[in-house]
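As written, the chain order gives the labels A, B, C and D, with residue 1 at the start of each chain.
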């Protein structure tokens, strides 16, 4: 299932060390102005190699629109976006061909498919998120005229919550050949009330699935989240007044449907599994081995997950907006 | 979207105070023995009115199989299950007809549809979960021959983690006309490696969507969950030995695919929003009002969510098992 | 796949000689007035036993709305409709338990599932169409306010095209213990231009799939249909003038999208496979046997397919209308 | 909806005069050997410009595999295939920018989307079928090891049924600046019994939808097709003996499920709508105009539809094979 969404359907493809990574967006409304320059800044934000605390892989990550626009405007036809891979040091991975990296999908992918592209994780690489970000950039353009904006930020890394302390934690992990986890918060403002469906199509269910579908994410919460387990009903319920809700413990969603307040989502990001520290593992024959993952890796993946999480939220919201449009469909109303 | 699942597709229907609640299961494999007596115990576990700390609504909740079996065995045709509603004191809700209950879907449903069935929450009632549990009971029967078992439990209520303290918290909330939240943990044992799909169809993404789709759930985590944000890679990665993984920080899922270890999920349940304590709200005309929700409500909904969460996990797993079966499909292998 | 439609999703269930036949409609817009009395006339039209040329099975076929309406109006929640089976002479089928009836799905169902409910065809019975007609009646109510109406008629039976000759053909088949095929034409008027999607979601593709999905249908054509193979482009193309198209060889659909003209569909209905004439077959053990299908069967099924085909067209159109509503969704337009 | 299939999901993209045409295949089983050289011959068969009776557009149509294979074998990851457009004489279409070509989707696309790419039909061009053929070539590779083969042929053009007469009809149409329609028959051999689903997922319903989804197709029939309307049950039913069915009036499908016999499908292809003969039309402002479509067009499109129809049948069958694999999923069997 490499397709996300019911109405604004994004199908991603491509491996870390294959020819290209890309996405086909089916269901984008016609009449939206869209150029490569609208998408590129999102890819630039996500790109590695921008600083000393990030993977040193150097990719220009230039997006090309192959279809779906005419004279700079979307036509309603599927929009294909591709980014060619360049800086593929597949040789870095030769030593890993027969080893299962702990914390990675190597073992499970082998169990599932009986074979795998070992170069940089192949399809399971974080590089796949590039395609999501490209699609999310288009989603953001669809949401902007509706007044919806999305903003993510890191709120915690390895227990630290201040910016300097966070940087220090990441630096220390890098220097130790290790990595650290963190928490990212994403907020959507300007979202109208009424988005989402009751029962299985709840807006928070869609968001939870979208966020947990990002590699390295181990937890998702909305509004008070796990903190709600320690509250009473009198504390948790958001009072309603003529001026609207007076608090937002719900995180903008009640009964699976948006309230019109800010939608607030937090996700737990595990430490990057690729570390230089020696770990125990087995090879494909089941023989015990030791492994130290060299290559080019981020000591903390949370910063680079921020734009990905923003884009996943954008995809969920644009999909819900299109779904909701159907309720203005035919009928005696 | 009242349908859950891609292969084992469950479509639920029915309102709290309508004629019946039910589910149609499409895609259940043929040849599985199935009688009403196989399903009833699951409904009995979920049923309210079993003790002083639960809603006093008395419903026999007798399930009837309308289709899909022949001589006690599933045929591959859709299985329709219905439960007639009996103890409908719709009158309890007359006073709420024009009021939006804080913490409920009343306001958002009105914003979405422009009208609503106010009686007991209508479709947004927890009574809808009865249909999920009936479907989950069928899923459990499909999983049993594969050696997969699922077990849930309450691990925290309003900060308390011991059984007596938990009961005291619930009792205190009830006596105060208030309610409390909690945390439920669900574990699946016996699950083979290889379930789930990379990218958007990850097993943990499906679980997160399924769990967050249960009313009152505000957070979902797998394995270490939010705790992973405070770990280093060396701590989080589960070492692999010839005898298998030596720890399970991942909670049984790596890269979205099951590892063969126990799948461990925790969910945050908010306090029941229906409380007797007076709250501020508005009526449908926007006029400020006060509300005290009488009716028959659980002071803590977590205990009754346990079987629902187990059933949602069963539905995700049976769906993944059927999806995975396709990889033994046609081809040069 | 017992679900039809993407937006107005109908999931049918039930066997010919089971407890009930029914449908759950998910995605019906809210605010449409709907009572059992709105649906019943459609079931009455489809019902057998109305005349000497039809099956003598007597079923009251009373529909019951179980959910999805409140005070006589749809709420947006799933609408469950059921019809209890009454006149089940399952004993009629005891002799057929181990035999494969030629022209029926007995052999193929056994090949697919490894078991089957032999009573009256079980799930493969024409009785399943009752659920489609119930759903179609709701679709018709959604289409009416948009000015769309659908009308079907028999245009040929066993070569005869006049009403008296048609009746004579059916009578002769019945008297000979045989059956005859026919052609049904269905026309939708008042349909706006712009429905349907390019490529795989073409309106005519959806119609063709819907019609071929009716048991006994062996062919579908739109507009000139197979006659188009004998025309030149100059004859086939419908000229466009300021007053609109001056002919309708296209049958109301160009490039998969409605033109605003009448949508004209014809379907080929094979002769009822259940005949008293002795036929060769085998039993479940592969032993050669002879079979004469007694029971209660229509000598020509085309008349009873007319309301079913109308309802399938209604379902396709309401689904397309809801899909099209999304193009008025978010965006810079 | 630019995606076809439930399990072997093909999403096509690209316009006639855009940068590229392509397809992403999601759900292809792993372990199938696949090189560009396996796909290219199918594109070559479909390519225009091979003879005097075809469009003179010259396109090398070289396919490139962007993802989804590793060391020449499919991995289970999505397979992206693209073909760059070369011989784009968009200028040929400048005169048509504001005109609606009769028999084309120009008018309906404008009605649907409010704008369109007029160059060569944009997304509605027959060039889109190139992506289907690329996907179909992969499907054929999946089917081959199962012993399934698919073969199409022209059986009628403008009333002629012999090869020489057919060629004469096409030549005459070309010389007259006109075009002619025809009938294509496609047969699948080696298909096992048991494919397809009852009710809405019938194999013939899927085939009908797939075939009618090819531009220019106006009718689809299976086995006897429309001829069945003129038969009696005694003639139509295929007798079953210990050696199998003794005839194949059903065309290999009974009750929507394959019988194990040849699957026989016929489709009616309308005359190419682009003709030099002067036709009446209107421009985008509604003003009456005359039009003569120059450009490079096939006087009969049926020959080039043969490989497309074969590929669509291959896609339906591989999808059904994967669906059927699920019935060997979990359960007490």
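Methods note: contacts are C-beta pairs under 8 Å (C-beta built on N, C-alpha and C of every residue); 3 or more make two chains touch, one makes a residue touch a chain.
Predicted, not measured: the structure shown is a model, and the values here were computed from it.
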* **Touching both subunit B and subunit C (chains)** => A, D
* Structure fact -> Relative to subunit C, largest Cα-centroid distance belongs to chain A
* Distance from subunit C to subunit A - Cα centre to Cα centre, in angstrom -> 44
* If you average the Cα atoms of subunit A and of subunit D to get two centres, how far apart are those centres in Å? -> 36
* To do: Could you put a whole-Å number on the gap between the CA centroids of subunit C and subunit D?
  => 25
* Asked: Among the residues of subunit C, which ones contact at least 2 other chains?
  -> 1-3, 12, 30-31, 76-77, 112-114, 123, 198, 327, 333
* To do: Would you tell me which residues of subunit C are touching subunit D in their complex?
  => 1-4, 6, 12, 100, 102-105, 107-109, 111-114, 123-124, 128, 156-159, 173, 176, 178-183, 193-202, 204-213, 215, 218-242, 246, 250-251, 253-260, 268-275, 277, 279-282, 286-288, 324, 327, 333
* Asked: Okay, in this complex, where on subunit B does subunit D touch?
  -> 7, 27, 29-33, 76-77, 142-143, 145-146, 198, 318, 321-333
* Taking the complex as given, what residues does subunit B use to touch subunit C? -> 1-3, 9, 11-15, 18-22, 24, 26, 30-31, 64-68, 70, 73, 75-80, 82, 112-117, 122-123
